[in-house]
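Structure below; questions to follow.
The first chain written gets the first letter, and so on, giving A, B, C and D; residue counts start at 1 in each chain.
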Amino acid sequence: MADWTIKLGVDELNGLMSREFGDSSIVKGPVQDVAPGRVHVVGKFHPSMLRPGDLVSGPTLMSVADTAAYTLILAHVGPELMAVTTSLTINFLRGAKAGDIHADALLLSLGRRLAVCDVRLWTEGPDRLAAQATVTYARAASAAA
Amino acid sequence: MADWTIKLGVDELNGLMSREFGDSSIVKGPVQDVAPGRVHVVGKFHPSMLRPGDLVSGPTLMSVADTAAYTLILAHVGPELMAVTTSLTINFLRGAKAGDIHADALLLSLGRRLAVCDVRLWTEGPDRLAAQATVTYARAASAAA
Amino acid sequence: MADWTIKLGVDELNGLMSREFGDSSIVKGPVQDVAPGRVHVVGKFHPSMLRPGDLVSGPTLMSVADTAAYTLILAHVGPELMAVTTSLTINFLRGAKAGDIHADALLLSLGRRLAVCDVRLWTEGPDRLAAQATVTYARAASAAA
Amino acid sequence: MADWTIKLGVDELNGLMSREFGDSSIVKGPVQDVAPGRVHVVGKFHPSMLRPGDLVSGPTLMSVADTAAYTLILAHVGPELMAVTTSLTINFLRGAKAGDIHADALLLSLGRRLAVCDVRLWTEGPDRLAAQATVTYARAASAAA
């Protein structure tokens, strides 16, 4: 895509997420890989994520999508934790069978004010997507809202 | 809106949700009110829902939106638990202060195959919306997928 | 909703739209009514808007939704024509029969940087919605992008 | 992605689009390339597409996104012209400078009832995306709605 530069690596991102979100997040030590314009995040499976039919729940997938997009932005702007999600659209493509939830997040644009990410989620494999999400973040200026 | 008919009331909906989702849902006994084309759902606040800045997390709001839309569909089609979320779009309008999460869900359309719901979420009051979501459900035919 | 204040009325909005967009818009003299937090816009029907099945095309509905949201923002912020659409989500609820396209646009939030609008579209009547759209605008700061 | 099979090629798609939409579409003879799971569509630039600031209008981009998704579905299901758009979400990533509008559409899922497409749009080049859209289609059963 464009020529993005990484400002935070895997260990820095996981440390930051752990300090900020601690036990409140379903996604622990989530970031597996970082590259310009991309991150790969994994949410560890837990049986409480299942819904009738033994499929991973929609809110679980949304939560992993949100984490993936958030760490993607962080990786490219640095520890500016004031970025806030402004919108998220998710399309559920097929039932997500029980298993770790993988998310590939791709930076579509990173402006001074808004950033847009594309996230693809799966449990079975990247060629069997469970969902696709588009997440928009507003970068909070130092003082402004 | 159109002339919708209610097939399940508050107690039936909460009973159904409890049997189906048990403890896996963050939203317990959620349905407060049902009327043709509308439900009002409340997710009980818990401090683990907070994010830095003491705001209710995005995934918590998305989860309540999903529950509200799901119970809205159930109320109008009966205990046909095969309806699956096909997409959800949420716009975060302002930070959601700590408190119970209220959701007003409105049926926009209910076809033989798809149903679309508008959901408005708040913690402070209905005149200070925290988020608006649009949720689409596919109604699974008895045999078809 | 909140306590919005109108800065431009019907005639000012139609004048502004005409000067800015002239003949390039499918929606002429579109604004019919303005109130705090709301506008009502009408796109005049033309047979070229029809698709097979004699239904108004999706792009026509999207264009009217965009115009409705844009004039809604203008009405509340004044002639600050630097506002740009950042996202639009539209759900098609039923086929739109031939006829003028009505749009009711409601302001969900108006921050210093982003504004979010809910738009409902119909040709037959407000109780038979053809589509619902959510449109997000970024307000361009005097210097920033 | 998955193992999609092409049922209609470039010439068949352009013939079908021409017969069905004739002069009502802004996108003429649009399909440039078809491959399993993908199409590349081009909307010819016309000055009437420009908005203040000499940028291609949002509705123009939405229209090309819709055409790209529609021809992508057609290419994979054959001349089943009953598929209808059920939702479209578009994120505008940067201003689209004057020029032909290119769209790369990718099939994310193709079920018996729903199909979901990812569309990326640009005028300057694929590494400078102007917009990303997600489009959902319902496949009309022979008799059902």
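Rule of thumb we're sticking to: contacts are C-beta pairs under 8 Å (C-beta built on N, C-alpha and C of every residue); 3 or more make two chains touch, one makes a residue touch a chain.
Everything numeric here is computed off the predicted structure, so don't read it as measured data.
Looking at C-D and B-C side by side, the one with more C-beta contacts is C-D. Of all chains, the one whose Cα centroid sits at the greatest distance from that of subunit D is B.
With each centre defined as the average position of its C-alpha atoms, the distance from subunit B to subunit C rounds to 27 Å. Subunit B and subunit D have centres, each the mean of its CA atoms, that are 32 Å apart.
With centres set at the average Cα position, the gap from subunit C to subunit D is 23 Å. In subunit A, the positions touching at least two other chains are 86-87, 89, 91, 111, 136. By the touch criterion stated above, subunit A contacts subunit C in their complex at residues 86-87, 89, 111-114, 136, 138, 144-145. Across the interface of their complex, subunit A is touched by residues 1-2, 89, 91, 93-94, 108-109, 111, 116, 118, 127-129, 132, 134, 136 of subunit D.
Of all residues in subunit A, those touching subunit B in their complex are 20-21, 23-24, 26, 48-52, 57-59, 62-63, 66, 81, 84-92, 95.
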